[in-house]
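Notes follow once the structure below has been shown.
Lettered A, B, C, D and E in written order, each chain numbered from 1.
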Amino acid sequence: MIELRGVNKWYDKFHVLKDINLQVAKGERIVVCGPSGSGKSTMIRCINRLEEHQKGQIIVDGTELTSDLRQVETIRKEVGMVFQHFNLFPHLTVLENLALAPMWVRKTPRKEAEALGMQYLERVKIPDQAKKYPGQLSGGQQQRVAIARSLCMNPRIMLFDEPTSALDPEMIKEVLDVMIELAESGMTMMCVTHEMGFAKTVADKVIFMDRGQIVESNPPEEFFTNPQNERTKLFLSQILNH
Amino acid sequence: MIELRGVNKWYDKFHVLKDINLQVAKGERIVVCGPSGSGKSTMIRCINRLEEHQKGQIIVDGTELTSDLRQVETIRKEVGMVFQHFNLFPHLTVLENLALAPMWVRKTPRKEAEALGMQYLERVKIPDQAKKYPGQLSGGQQQRVAIARSLCMNPRIMLFDEPTSALDPEMIKEVLDVMIELAESGMTMMCVTHEMGFAKTVADKVIFMDRGQIVESNPPEEFFTNPQNERTKLFLSQILNH
Amino acid sequence: GTTFDAVKKKGFVQCGVSTGLPGFSATDDKGAWKGIDVDACRAVAAALFGDANKVKYTPLNAKERFTALQSGEVDMLPRNTTWTYTRDTSLGLNFAGVNYYDGQGFMVTKKLGVKSAKELSGAQVCIQAGTTTELNLADYFRANKMEYKAITYDSSDETVKAFESGRCDMLTSDQSQLYALRIKLADPSSAIVLPEIISKEPLGPVVRQGDDEWFNLVRWSLFAQLNAEEAGITMKNVDEMMKSADPNVRRILGVEGVKGEFLGVDDKWAYNIIKQVGNYGEMFERNVGQGSALKISRGQNALWNKGGIQYAPPIR
Amino acid sequence: MSHNFVPLPDQPPPTASVGAIGWLRRNLFSSIGNTLLTLLSIYVLAVSLPPVINWAFIDADWVGVSRDACTSGGACWVFVSARFETFMYGFFPAEETWRINLIYGSLFLCMAPLFFDKFPYKVQLGAFVIFVFPIFGFILMFGGVFGLTPVETSQWGGMTLTLLLASVGCVAALPLGILLALGRQATNMPAVKSMCVLFIEFWRGVPLITVLFMSSVMLPLFLPEGVSFDKLLRALIGITLFQSAYMAEVVRGGLQAIPKGQYEAADALGLSYWKKMGLIVLPQAMKIVIPGIVNTFIALFKDTTLVIIVGLLEILGMVQNALNDPNWLGYSTEGYVFTAFMFWIFCFSMSRYSQALERKLHTGHKR
Amino acid sequence: MADETSERDIPAKPRRLTDPKFRALVFQILASITVAAFLFFIVRNTLHNMELRGISTGFGFLDRVSGFGILQSLIEYDESSTYGRTFLVGLLNTLLVSALGVFFATLIGFVMGVLRLSSNWLINKLATVYIETFRNIPLLLQIFFWYFAIGFNLPSPRQSITVGESLFLNNRGLYLPAPVFEDGFMATGLAIVGSIIAVIFLARWARKRFEATGQLFHTVYASLAILIGVPTLVYVATGMPMHLDYPTLQGFNFKGGLTVIPELFALTLALSIYTGAFIAETVRSGIQSVSHGQTEAASALGLRPSWTLRLVVIPQAMRVIIPPLTSQYLNLTKNSSLAAAIGYPDLVAVFAGTTLNQTGQAVEVIAITMSVYLVLSLVISVFMNWYNAKMALRER
């Protein structure tokens, strides 16, 4: 589904991604972790071209990402993304947030789009909040709406960029539950997170990044119990003791 | 060093401090706690006359606080204060922040003032940040600079108003360490805080305030293990369970 | 020509007038424009459309007037504009005639106690911007080796008000205007107009160069009024005069002889002017003469055969 | 052994610090310097206010129809009341002024709900007022259809014209300003960006009177021969271009206030540039910039007085025109005071409105 | 994966029309062409129209003799000067009134802005009334008001208000003695320059000394002493080589001396009061933007209120104040073009007014006038950007 081949990216002169190679098969669930500034967000944002890479190839669902607008469009329809800070549209109600993309991108009639929205709202367990504005919801609810909003476009791949790191501890669980349910339904997922419990439960592969490189990439059992790399060990010791 | 005799203060018609009586001896370390709005900040701010009291006497280091400007000046030279929100001067570098008061109030030559500043920066363990602007530091670092800034005036008394409550948990420790070190050096201190660990470690006396009154005032062992008052017990149970 | 056709097509004359100069062009309290300059435009409209009311007015201050005419913003500019060499030649304009012979004069307060402009050395003078007055004033004082300071305002309102407040010793302008401006004073009798006339100021309607057809129409609309006065045709008697046996009268009124088509208008063009606007004398008296608040005497503006210099070529 | 905490009863504060005396002490006589300042201001007020009040109210004449009614030596407000119609409606035919009143009335009815927080259709109504209402107003003003007598633009004037110039200028400048702001933000198109910057800086750099002068007398020079349009329209074009530059800067401020995450979320959902702007960014930005728009509107409203220079008679022009009336010579002070008062009322209330909006948008931003 | 090879064959080059870069390029070219065509269209029309109407073009008129007088000129000017010189006179007059306006508006604005925050209720309210009144009334009205208020309330020249027979105030303006320099005045001139330099050095020295020893030195008094004392001494020593030319009443008016014309006075007054009201608001919000905590921290350190203001509040407030302040200056400069309404001979009045009218060359004259204002605004905004870049707070 997703393939990165020798991807390189620079911010100005700063080399953020160095020769990234990665393959994600359909239905695979990848968790990406690593210290702050290691390029996790950048990598995941390259996949739906919120950032442009400068060297190498990124192929998503058979389409290579170039600056061709139509390809970018196709891919963005296929790939949903959830951000750290939810980024819900504050001037629209929850339901309008959900129905917006189906209506304007997929040209679904409003009625249908809203029905779809309700369906996903039920899936994230907050159908009763449909008429409220995002500002009136708690962080956890907002993030669940954000997930539902991505799902409304019926994506084949979901990307998550630290979906729980802006949340209070009590709310983290409700979001993770939704994500676990999603993972179990067979969605292809790539998730930047430091929630190691989540990684252990659902991930097929855990990737550890540092200084723009993939340092280690292993199934979770192996990753947690027997890290291959010194850097990984150090990181895990910090994170698990925290 | 500090003596409050029947101090009363009103905001308009609101009676904030009611007949406060308190004596702090040289080298004593007092921790003040109590529910929000109980008048802790107000009391401590009256001591260096950031607020005016309307009845009673406050005598600091032998000088009574009246509206005589010169007395206020004398006292402010003797009393350092650290605020919840650091209140560093954002347009000056860290070193300039430190050197400002010695230069202007104590007429220390710039060279000496800066040397003094460096000395205190070392004491709070961030000498390498001297040339940076406050905006470029983390919260914990900023609070340590704020403490160093007060110390530069060589005060005989230090007041702290919730110095750690605007900080992330990791940073609280670094600030408390500095304060503990300071307490151990024999400084007279009055500190509004809810860090009970700190109170247990360094306080000579813990004062509990409610509704503008001092409800209880005892050494920490007694205060924590055997509170005299129902109100104190209630408060402690809330705070320690947290 | 282009202007003539354009005016005919749009059905009205766009007339550039002064922003408010009693007797020449000013609005009454209904907002209707009145004055000699206004009537010049009405006469052209009467000749061209047979309806003197087919005029639209653009109030212009002195600064804007030529630009407005040049740019085509207005079709004709009867705005008490002095006919000078430069204006006629370098601005791309043509003067169609003289509807008022004027000369620049001075107005001073009675209190000052002067009798002649020659006593005015060192005076401060209020003046309106963008007029020949500004240049004449400079010439006059230079020629008489006198000093002065000119304070130049955008509009006549401010000029008068400054004069009234004592900002300047005197106000200079065309004499006709002095009378018009004087009645704007809170106490008109506190000021006198000095006898000196320091310049020739032939005022007349101006058009753009390059359209002789339009130029002719404007020029002959004025001449028709003058000829009518000479022949004794008035607003009142014009209908009777249609039956007059006098060949001159008959020619003027288009009953016989010359045809309106030479001007590109109806044969009754002059009749329409006289009927709706009146002859020159009537127009004069109504707007600035005895029938008005200004009470200016005909003077030079009398017909040539009555001691004045208003002289129009014959219609034949 | 433990006892219960019984809070002391609240006591009244010392008398000197509350009540009238406390207030005076705190607010007027808190220090020697303050006392001096207070006394000085009281003196200045005592000297300057009474004559003004005498002139404007006590000795003033209010009723009458002609200058004969003005005998008391104070202000002659009769002049204003006698000329009130022209000040408000210009030379609009008296029997047609109901049309202007109808516009004012219906506009008021349309705007009123916008001031209520609860009203649900604010956006739609706002759009109606901005896009549809002008057509209705234009038809009423201009006439010529539906059996309405046509009224030439040269007959428009007074307060009506002032309001018309300011509001049309503002409404027409809005879309242009948005485009310019978007253009100025378009970093990927340097040529477009620099053209927008040039355009904006040009109009912001020149005085409005030169713009008006250009639009009123020079515009025909720029157009093909024979093409010409209404003088009022030309002034409006000048004002609109001028205003759009200011509007663009206001809108740009709003665009910059939208967090980057909003753009990214829209991108990630696959919205195209125009959909992203139209559905996500602009609706949020416009809400933020309303106070800014009101402020530029106030500035424009005051600047409309400059159209006298090109011979359009808005309210100040109408007053000056009335001052030429031989029947009312010498009442210029009253005229100017009245004009100043009208402008003040409008500008002051609008600026208060925009401040209130600003506060509402920035709640929780206080120290 | 089976289809790996085929995937690799996908051409990396995007299709042109859907490549945003290509699109942007095309769009930019189109836009540029449209704008260029529009400009060409206008220029062609204008040239054609001007030729058709026999209007002369070019800037030759700048060398022709103007033939009219100007009320106030900072440089030599009379009726036989050229239009080019008229332009200069107008420009200088514009700059003069703008500079004066900027100075006084700043003064009024800062004072009023501070008073607006005063704890004295009455002062506070008076400042508010000032701000809210003058901000909300059109400037043109205010110019008229001041001009005629002065004109109608001051006495005529013969009844001038006088101070010591050398200073006269009347409805023609303020007349002051003008200094006339004689040969030996050079030395005094040098002394003035010298003492200014000395004061600058003194200030530097005082600063250095303060930093070295912590001793404050009262530069203000010392500077005043030097600035006044030294030139006076030199002046007396060289035998007072200057006399004053006193204005005297001759005929209707005063002659000689220096004159401040009422137009300049009224315009400066109106501009500074109007702009001052806006500046006061800017200053107020600037000061308020400095959080209360800052002043408290400074007091707690023992800094006196005056030092707190100088060392802590003002430096921070200025960052917020300067950008809107510069745009107020720009507005003031542009607004000075309303001068024509009351007869002050600024650029718009004498050049875009009288000159335009006498020569009829509207396009050239307006183009020159607009360029002048554009250059002024450019200078101001360059300064503003430089200042903003310099003052940006460093944060992480």
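Note that a residue touches a chain if its C-beta (ideal position, glycine included) is under 8 Å from a C-beta of that chain, and two chains touch if they have at least 3 such contacts.
These are the chains along with the protein names UniProt gives them: A, B = Amino acid ABC transporter ATP-binding protein; D, E = Amino acid ABC transporter permease.
Keep in mind the model is a prediction, meaning the values are calculated, not measured.
Enquirer: Any chains in contact with both chain B and chain E?
Expert: D
Enquirer: Count the smallest number of chain-to-chain hops linking chain A with chain B, moving only between touching chains.
Expert: The least step count works out to 2.
Enquirer: Going by C-alpha centres, which chain is most central here?
Expert: Of all chains shown, the one whose C-alpha centroid lies nearest the global centroid is D.
Enquirer: Taking mean CA positions as centres, which chain lies farthest from chain A?
Expert: C
Enquirer: What is the distance, in whole Å, between the centres of chain A and chain C, each centre taken as the mean of its C-alpha atoms?
Expert: That pair's centroid distance is 83 Å.
Enquirer: Using the average of all C-alpha atoms in each chain as its centre, how far is it in Å between chain A and chain D?
Expert: About 48 Å separates the centre of chain A from that of chain D.
Enquirer: Could you put a whole-Å number on the gap between the CA centroids of chain A and chain E?
Expert: The mean C-alpha positions of chain A and chain E differ by 56 Å.
Enquirer: Any idea how many Å lie between the Cα centroids of chain D and chain E?
Expert: Comparing mean C-alpha positions, chain E is 26 Å from chain D.
Enquirer: Would you mind listing the residues of chain D that make contact with two or more other chains?
Expert: Expected reply: 213, 217-218, 220-221, 225, 332.
Enquirer: Two or more other chains in contact with one residue: find those residues in chain C.
Expert: In chain C, 67, 70-72, 154, 161 touch at least two other chains.
Enquirer: Touching at least two other chains at once: which residues of chain A meet that condition?
Expert: none
Enquirer: So which chains actually touch one another? I want all the pairs, not just one.
Expert: Result for touching pairs of chains: A-D, A-E, B-D, B-E, C-D, C-E, D-E.
Enquirer: Show me the residue ranges of chain D that touch chain A in the complex, using the header's touch definition.
Expert: Touch list, chain D to chain A: 259, 261-262, 264-265, 267-272, 275, 279-280, 283-284, 287.
Enquirer: Show which residues of chain B lie in contact with chain E when the two form their complex.
Expert: Going by the criterion above, the answer is residues 48, 50, 73, 76-77, 79-81, 83, 85, 87-91, 100-101, 103-111, 132-133, 135-137, 146, 149-150, 153.
Enquirer: Would you tell me which residues of chain E are touching chain B in their complex?
Expert: Contacts found on chain E: 210-216, 291, 293-294, 296-304, 307, 311-312, 315-316, 319, 393-396.
Enquirer: Which residues, counting only chain E, touch chain C once they are in their complex?
Expert: These residues of chain E touch chain C: 49-50, 52-56, 67-71, 79, 148, 151-152, 156, 171-172, 250-253, 255, 261-263, 340-343, 345, 349-350, 352-354, 356-360, 362.
Enquirer: Spell out the residues on chain D that touch chain B in their complex, using ranges where they run on.
Expert: 1-5, 7-8, 10-14, 17-18
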